[in-house]
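To start, the structure itself, in structure tokens.
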Amino acid sequence: MSMTVKILYFAALRERLDRAEERLDLPPGVATAGALRAHLAGRGGAWEALTSVRNLRVAVNQRMGGADTPLADGDEVAFFPPVTGG
Amino acid sequence: MSMTVKILYFAALRERLDRAEERLDLPPGVATAGALRAHLAGRGGAWEALTSVRNLRVAVNQRMGGADTPLADGDEVAFFPPVTGG
Amino acid sequence: MTVRVQRENFDPGAEMDALCAGRLDVGACASFVGLVRAANDGRGVAAMTLEHYPGMTEAALEDIVQQAGRRWNILDTLVIHRYGELRPGDRIVLVVVIGAHRGEAFAACEFIMDYLKTQAPFWKKESTPDGQRWVEAKTSDDDAAARWRE
Amino acid sequence: MTVRVQRENFDPGAEMDALCAGRLDVGACASFVGLVRAANDGRGVAAMTLEHYPGMTEAALEDIVQQAGRRWNILDTLVIHRYGELRPGDRIVLVVVIGAHRGEAFAACEFIMDYLKTQAPFWKKESTPDGQRWVEAKTSDDDAAARWRE
């Protein structure tokens, strides 16, 4: 039984990856936001930004999360640099 | 050589004294705001408010003063209750 | 740095715009408007009369604004305070502080309001169903002003 | 309690008036406007583009405003935040808090700005003479937000 998530990238990270979003079938064993981040960084090249960018933030279903936040089928996961509004 | 001051009363104190201002030749020995206040209270009746009103404020030449603030000829002395603007 | 003491109403938005007009160095505009409430300390208020001490009022407000300018790195300040008879819903006071950064603009604006409450010679008289009464100074206002002295 | 995320400009005075309209229980209206400065960290800024995360932005701002409503006794709140391309002098954000008393209105307004700076998903990209650059998050903003957690 596969789990599919929607992944969004914002701001400087979006530009480095040259990608705003994708759909991904989670590989076996990838069940948290932290595991997904490590999996994506494993693609190499620009994707290493996912572990090298300082203080990268993650949101799951539009709420701030952390490395331990669990993922479920249909979740929306967003990665982005620290925010700078206001 | 006489010293004359202008005295102003504001707000609840003005109403109690039924007077907004007066000119006064300072009696001998009345050389500070505190001494003037005691002198005025000595008139008796409503004037006792000058010592009985809690936290009465004094300004000399439009600057907040205290009992020790010295008086000079031509000064403007104001007595009033604690302020409540804003 | 402008201080105005007036009977007339004022337009907070127009005043804020005028203070920022033509400048490109303003990152933060903190403002405060004080208004007459229809009830105070549990009593209905039909009207309020603000008495002040002409001359000293302006001097006291200018002194407070200058203190704020020495304490914080701000660009400009506007204070407008009304006197005379006001009704519930009417504006009483406006403080606007502009600066490069928000922290200093907020602090200066609140400082000016706290000092104005305890240092500027205004007195309020309320018309209530039980007659007129002079508003008593609040110890909480003294406390608010005192915390800036630390 | 209103939160708006929009490309269009806004009129702070009109928004403040609308928030107070028809009520006689407002004694204090604290507000903040953030604007684009022509220089930031010593670099000239010709334009700024604000990116955001549609959906999460509104949810994050509403959450911040609700936190403020639980912490302070306030009557109503308005937050407007723009996105898209802005120029020096343009308004970015408006926060208005109305309440009976000034201390709580000021605190809630500053709290909302501090939390918005660190919790709402907006990112700024500046166009400078040296090209475009993403604005770095400031540790001073984290510090400002952290002081409310005491």
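Annotations for the structure displayed:
All chains are identified by letter, namely A, B, C and D, in their written order; residue positions are counted from 1 within each chain.
Just so we're on the same page, a contact is a pair of C-beta atoms (placed from the backbone, for glycine too) under 8 Å apart; a residue touches a chain by one contact, two chains touch by 3 or more.
Predicted, not measured: the structure shown is a model, and the values here were computed from it.
Common neighbours of subunit B and subunit C under the contact rule above are absent. When each chain is reduced to the average of its Cα atoms, B sits farthest from subunit A.
If each chain is reduced to the centroid of its CA atoms, subunit B and subunit D end up 49 Å from each other. In terms of their C-alpha centroids, the spacing between subunit A and subunit D amounts to 27 Å.
With centres taken as mean Cα positions, subunit D sits 23 Å from subunit C. Shared interface positions of subunit A, i.e. residues touching 2 or more other chains, are given as 86.
Residues of subunit C found to touch two or more other chains are 34, 102, 113.
Interface note: chains touch in the pairs A-D, B-C, C-D. Partner subunit A is touched in their complex by these residues of subunit D: 34, 50-53, 55-56, 59-60, 81, 92-93, 113, 116-125, 134-138, 141.
Of all residues in subunit D, those touching subunit C in their complex are 11-14, 16-17, 20, 23-39, 88-89, 100, 102-103, 105-106, 109-110, 113, 140, 144. Residues 8, 10-12, 55, 59, 62-64, 78, 80-86 of subunit A are the ones that touch subunit D when the two sit in their complex.
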